[in-house]
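Below, chain A partners chain B and then partners chain C, in two separate complexes.
So, the complex of A and B:
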């Protein structure tokens, strides 16, 4: 590591950093601080009103619905993704053809949502293909997009898209665990379950930390599917924070947006810090 | 026993693979059907009757007519495709120009407040777009950039995600290598150009592949900042078409898919490395 001890190196270091730092200041840090400030003012007349904006959104029904749905969606889809992908990754490490399987699992990541919108409609509409199969096999048809099932369709499409990403992270984590430790345990008479629960899983905590945070970040991108397939006002069960921000933006409810952005930022920030603490404690 | 086990694992993955690829299969089959056949497929979607969509897996009259209709008679498609290329291309180019040197500074220099600054970069890399939407709007509106392509290009250039990914690649380069170049009289820029970039190449390429796939799919930013449909990228223009133009939509979807699949195929190793490099803890 080079200390910026000589003047020349100081200059280079600053030059390297400057373009990014300037851009990040102008487009991220300063405007975000400005929206923190705005959250305590009225949008139009710029009058200081304390926590009034926060009170307003706390009493807002749409905000309550969006928070509830987003929390529920996160609470369902992240554990589901983590468990399914771990199970599959564990199986993958037992067989050959890893590369082919990884390619197939990763493929949906490359597919633009726009290219699939019509396909989702063909599959999931009330008169769609899946209902065709359901009805012709003697089941009742299901209203996938305009009932509570919409929530599960969204969970499914999230897992479809993110399974590969998560499997890659798990498989890398599992492969990193040294084979000699596992061999030694086998010699000592450890069964497969012992190895899985006492060696593999405890060694994967850093991977779990990464997967949790990245999956959370990616969970916000289901808005693409939800919005493009079901529009700005989808069924109540999939009305997410992302829809709310988008609709407030269209209506130029900027003071509400400021308060909500600060609130959601704080929650995510707290969650990251908490996860980090938990991880450090385990060490 | 072991054979039965691995056979059942293969079977499981075959089933999962089929489920994953099924929607893509439909997306590929439909555009080569002729318009009558497509119309029959789509008619039930537009009505409320008791007819259901059925899909002919083997097109009765396979044809490329839809492609020629799209490519020869739909000039606005080119415009939108060009928008996408222009937007994604310029973001990627400038992202690299900005992120590579700063990632190098974070990886190989010591300066006051580095850790705090880097943590801020990571925190904002993890924030969803919706949180930054208002902040970005205020800046863009102040610069009179709303409803221009620049409104989605400029903020994306300064995304902190590429800095983090490329930093990961640079951090793996041993300090001795750079030091020996310095002893030979290279200045810091030469060290970056001749040591950093060649050795950190795979980090940079990983970042390019991951960024490309995400940008080619951008929806939220143009939806918020661009009103004029002529300026939309494909990823937003395509789903906004009327379902009456199903043949155009399906064909355009395939054409949209091609660059992404191409990058996926040639860049899969880098994509995997990029995913692995997002590891926040090691």
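So, the complex of A and C:
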């Protein structure tokens, strides 16, 4: 009887999952399999060429540049975001008016990308406010958006936009930690540093995992700002994978796109699996 | 209850995905299913010497139109016989001996006329009865539109008002309208005015402004917006069963008053309405429901309903172009008119503000989803990229069809030949030229020379008007690129030093062209100025220069070859080429067939048609023909004096001198020299839009002083190198 009930429940579960599963299959999984297939054929004439597309993209300078920039951006932004947002959240938990601060922190997320880009251009363009200040104080102007500095402008933009959301996640995680544990630690003579490093941080590992994944995915969305500011061919320092994919699509280099997408997916998938395994090990 | 709730939850979950419907996969060559019956066009010509035709009106029960400037009257018979032409003696009697007269509106009872004196250039407006009685009106505003109602009331648009002119000559304002009135029509009891703000209705029965029907208003607003900065020609007339017929370049539409939609009854693509070389004047709907459309060029089209006409189109030809092109539009219109069983689906990528990137993404999506066009106009596209991807068909396989008897300029048509294969053919071409005083011209051999020339002359002659006319900095960079691209890209790589010199030259030209602090309105509404228009300034002012392309015989080459006849003498001269290279040409309307298209056969026929002699005589202002028979036809126009224009005058910019000359069609000798010259052209200029945009954007930045010349050049090099690395 119990077995029957479980089987029946499983059927119901499957039925409820089916629409969502179908959507994922049709819009994500099957197109991805098609991309894998396309990576072994030419773009328009669909001739089988084996692994030649992979060979081509491995030797492609633009791909190498884009991968390097994207990896560098991710390697710089995510740790910076995590560290800054954590310490900010820790400070926030110490003060009152947390609800008001939470609302304020979400403002950057609510601002449309196009509006934000306009602000960056007003601030950072060659005739922008910052350069005007620099010139009027006797310094030379800096080409923020057309030189290597563009990379740091993009990093700043990413951190500014995602800081609030990440802080809220941290604050939520910190608030979840039982107050009695911290009280007990205090009674046992633990100082603030001990509480932070031995109680709070260890208990925030699930939050850290979530934030890392979300920040990693959001790091790819910064392409929108980079594209709106600098167009399809920006300065080398902010030439990201999405720029390359965007231009390849326009030029109908779909074979290269498919091969690059499969490669990038493999790397990201491996990274996530590794992270998951490390996480499971620790647990 | 639980089961019911579960079932409801499952159902609503499934419904969220109910929009996932399969995409229908249409066959390219499907028959377009419509019911039987449609309108058949028959075309008549009233004459070739027509200035413009007035509104079609029923006068003495005869459908009549007039030549607006000359007193010729044309009666269009119902039976399809020839148009009856006569001189309207009533109007002829009041024609000024000097100056000119324009008919603004006509009716059974009389005419509304403007008369301009040749001496004082003052314009007066008058009512002329059919018996010849004149009544002068006290009107100061310029009247662009006027029409009589069925009951004989006269309405006009003057200034920013719709007014009525009473029989006693008094003018009564009725309603405020916009500054730029596009059209005014009196239909039944309503006056309909279209301006830049929208559509206005005036109820003449109740003498008050009425609300415009939404469907009609939306349709007209959409059409006007779509036209953008191009001239809008639209006309409306009353039709049976309380409906209105609307004629425009998209075709003829019918709207039933107070209805919810506007229905297309004639497709403009396959009739005279879609012919870009014809300017719509007016439409009239006869009692038998046939429609007569008049064009300013003297063409009259009658659309008669044939209930047995088969509307099934056996074949669909998909044509794609990145931007609107008059040559291609003309060719499509001509081809569709001759092949009624072919439905042409013409798509323009960059329309309604769509950017180049978005247009290319749409195009890519189309190709990948199996909906590739059959025929493509490759101007602005990366042709070599498509050839590398085997996207284009080899046209040499059927060259015998499109190059019959070898009557084409191979050096132009097959400018992009790859070995033995031809993947695209040019249907027209233009030739860059430089104009200046003959002594100065010898020294102008590069853009750098031209920039130096302008800079030196601005310093020496600071009170001059612009020394080289161009509309906007963007136009300057695009034109300059024709002159220097060979130098910048000549070695196959981008030469950054030469690119920096290029930007430096553009910067100097932009900076020193005009006197500092002065703004000169060119008065060309942003449309591209021809080389000859710029050369006129070389005639009118010393030490100026003209650059641009020579596109046609009628308003370009004839004038250039007539320069020797200027009185008083003038040193203005010109030379073909870019200074560095005298054999440059710009191929236009480059057609190719997409391999993935489904209708190669029809696309091949279209190309053969496009390169034929008769179609090559059309759209002459957009480039020279590549068909030698068509060229011969143009050369022989010197046999008809009607193609000459006498007494063209140009006043110098300081108004102290007037130059007069006769613009004669090129002589046989000049034609022969020109013909020999164009057969030697061997350097095509063709740059894809992405590259052009990178260069233009950086050029504009440096001309605006947003970045220095060296930064603009290094940015451009870096962007172009990145593009090439991809």
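As a convention for this text, the second predicted complex is superposed on the first by the 258 of 283 C-alpha atoms of A that agree within 3 Å, B and C clash if a C-alpha of one lies under 4 Å from a C-alpha of the other, contacts with A are read in each partner's own complex, and residues count from 1 in each chain.
One rule holds for everything that comes next: a contact is a pair of C-beta atoms (placed from the backbone, for glycine too) under 8 Å apart; a residue touches a chain by one contact, two chains touch by 3 or more.
Everything numeric in this text was worked out from a predicted model, so none of it was measured.
Contacts of A:249 after superposition: both chain B and chain C are touched.
Shared-chain residue A:257: touches chain B; no touch with chain C. In the superposed model, A:23 lies in contact with both chain B and chain C. By the touch criterion stated above, A:128 is placed in contact with chain B alone, chain C being left untouched.
By the touch criterion stated above, A:172 is placed in contact with chain B alone, chain C being left untouched. Contacts of A:45 after superposition on the shared chain: chain C is touched, whereas chain B is not.
By the touch criterion defined above, A:279 reaches chain B but does not reach chain C. By the touch criterion defined above, A:13 lies against chain B but remains apart from chain C after alignment on the C-alpha atoms of chain A.
Comparing chain B with chain C, the partner in contact with more residues of chain A is B.
Overlap of the chain B and chain C interfaces on chain A comprises residues 12, 15-16, 19-20, 23, 26, 125-127, 246, 249, 254. Those residues of chain A lying in contact with chain B across their complex are 1-4, 8-10, 12-13, 15-17, 19-21, 23-24, 26-29, 31-32, 34-35, 38, 88, 91-92, 94-95, 97, 101-123, 125-129, 131-132, 135, 160, 163, 165, 168-169, 172, 206-207, 209-210, 213-214, 217, 220-221, 223-224, 227-228, 241-242, 245-246, 249, 254, 257-258, 261, 264-265, 268-269, 272, 279. On chain B, the positions that touch chain A within their shared complex are 5-6, 9-10, 12-13, 16-17, 20-21, 23-24, 26-27, 41-42, 44-45, 47-49, 51-55, 97-99, 101-102, 104-106, 108-111, 117, 120-121, 123-124, 126-139, 154-155, 157-158, 160, 163, 175, 178-179, 182, 187-189, 192, 213, 216-217, 219-220, 223-224, 234-239, 243, 246, 249-250, 253-254, 256-257, 260-261, 263-264, 268, 271-272, 275-276, 278-282. Taken in their complex, chain A has these residues touching chain C: 12, 15-16, 19-20, 22-23, 26, 42-45, 60-62, 65, 125-127, 143, 146, 231-233, 235-236, 239, 244, 246-254.
Across the complex, chain C meets chain A through its residues 6, 9-10, 13-14, 16-17, 20, 357, 360-361, 364, 367-368, 382, 385-386, 389-391, 595-596, 690, 694, 697, 706-707, 711, 715, 718-720, 722-723, 725-726.
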